[in-house]
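Next up is a structure, given as structure tokens.
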């Protein structure tokens, strides 16, 4: 049988007959088909549906988070109390300096006793889609040593909540010994200074135990700031943004009112002068990633513990 | 004619021939078909399109709001001036205490002279999808006595606005004798204290008549606060969130600067100590729902009016 | 061959046989087809995918922005330094007064030496879908004289960013001689006063060069405020919103702390008393659009330059 003949016939016929008498009958059949397929699809191929519904550019690699790949398992801090590891909650917000996250994770790969969970805001995840050598995809980062989870906003209420379910941003706060936000964008600096918590990263920040009394230390794991947990932030923004008078107002809260040195829970790694990604030269660039790693090592006392 | 033979043939043929010579011809036909179907679909089956484009989990029940089911009718406060009922605008924001909304509505079912419109933020609607017995779907809540509407963010500009159209958040403010926000989440507390109005609930709050002079009382319907309308809020959040120093700053605006007792328009129902959903024990849990109902009854003077 | 017979047969057969034995075989074929089509579609017909995934109402006209129609070209201020034109960055935020944007653009059509780029927040673009004579679509506005671009939030990270790519909100700030935000909604007033930058318009505002030192003037093009660039805002909101005490707090920053007259970078065009779109009468309505045009003409010195 000559298939090429047969399908060409159908093609011609369709073009000729469609606008005339048949389309109602055909549509009914196809609508029924598609409705059924939609249901089957929806249940079995959520990623393809996302492809249809999602952004313009095809994801360059699998950007699904751990939670997406394992939607049925929910994260509980209690399951990790006795893992004997330092718990680093490493967050990035919407600045191009997000591309330093893989460097930071890579530099910590020499330690066997560190567990890293990565949090990304929607904006920051744009920078890690595998679009260049220095910008691996989330799936690639998820395969790096010590990375035990990557969470994004959509993971918060993935499963319809019922009584007894854990709440992700609370569990992440409990789990973390140290939270590092690098980079902290101008927008998230404003949210942090003013208590807005409309994404997963800022929900953890807003739910941080400012009193230091709620979450007990785990046996054998020293907490980073004289027995207290804390949040280390590395602001990064365009030079003009940095010089905007609001920046100083917001920074005052983090560097003074709520600073570790004043009995608070926040340590700021100041921006540096350099030519930043947007082309302006001046202050506002993120603290060097190697210095961020050094600060993490110091706060988690990684040098004095066994290395891999 | 043996259909099973015929379709199996097509299946085999497709698998064999597709990668070779025919796919361009077939694609052209199918693309034409799908483009036409897309147009027809879009106009006739918006819910199915939503299914394709929406979240991972299938909605557990019909979560469409009144406005979705009746997109052509727009809400106008003027249509309800003489209904002889107390108008309660009952809003929930992103806290698990949202599951108390059905209890509050149910407790008011004994009154015949109460009209309730429910507002839900996107976060709060996650908690009412019919996923458990205490968490009915919005459709189920919409069928409860006295519930005359449920609105969400997407209802605000559902129909492209033209001059003369009403504006939903303004009409809702005009309609309401009393607005109750229970629960008020940490995030929406911050938005309320700082004037952010990026969702329907916060737009009503921002458009509230702080002067008490714009919206006249309706004949025969007493207003709740010495002849003034007002907003009653019941904050609810994790204990650590509650103890964060920003909470006190934000609460000061609501409990002092803008309080009914100081000539303002806000009444705060303080959180209580209890074990809250996230597992922490301490302050921050929402005011008991029965006390919220009692406060509503007192402010709307429901006990002294005729009961059903 | 009788096609109408043939397709009717298929239709009947499908309805009869589908629920029985064949559907697995058919589904496999169709799933394979659709998966392939999805990939092809995704690459070639992004607008159709948007149609599937988008809002309920069909767009009344082509609402794609310049960037959508030309996704491969990125905007760089440096390409426009020597165009000999005044650069007006005209932004609208979520108020119904957005419908005055076409009037403002139209009134500037008499000048040949003005280049206008329009920015719209997601809320404001609801008001310009071609739904009425005074509300042309973005495509229609894009065809008006002097309009050299229309950008929305989704244009910011349309292409996955790699090192060397420009950053849209920074390039727009560099490009602009004068930014005009008309209308400035209550919500965006709050964001502006408090440094939130979660959309494209507010990102440009947050990245504005408050120091006046970063972006040099272009040869032969005078800057609007004594040699400095600046942002002119025309707040517009419901009367009750305007009288809310937070409005005065936020306005104080713009009209006093950061005002051009105090060495800052912001000029406020005060709201006026009138019956506004929502039906309330009182303060809060946007400055008359003709006065906004006059202010733009004065600041850009358009009258003294050659006219078209």
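Labels A, B and C are assigned to the chains in the order they are written; within every chain, residues are numbered from 1.
Criterion: a residue touches a chain if its C-beta (ideal position, glycine included) is under 8 Å from a C-beta of that chain, and two chains touch if they have at least 3 such contacts.
For clarity, every value in this text was computed on a predicted model and none was experimentally measured.
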Same or different residue numbers at the chain B/chain C copy interface, by half rule: different
Rounded to a multiple of 5, how large is the rotation, in degrees, that superposes the C-alpha trace of chain A on chain B? 120
From the mean C-alpha coordinate of chain B to that of chain C, what's the distance rounded to whole Å? 28
Residues of chain A whose C-beta touches two or more other chains: 52-53, 194, 196
Applying the document's contact rule, which stretches of chain C touch chain A when the two form their complex? 1, 3-4, 7-8, 10-11, 14-15, 18, 23, 26-27, 30-31, 34-35, 38, 42-43, 46, 49, 52-53, 71, 157-163, 166-167, 170, 173, 194-198, 203, 206-211, 214, 257-258
As the complex stands, chain A meets chain C at residues 9, 13, 17, 21-22, 25-26, 28-29, 32-33, 36-37, 40-41, 48, 51-54, 56-58, 60, 96, 99, 123, 126-127, 129, 131-132, 134-135, 186-187, 189-191, 194, 196, 238-241, 243-247, 249-250, 277-280, 282
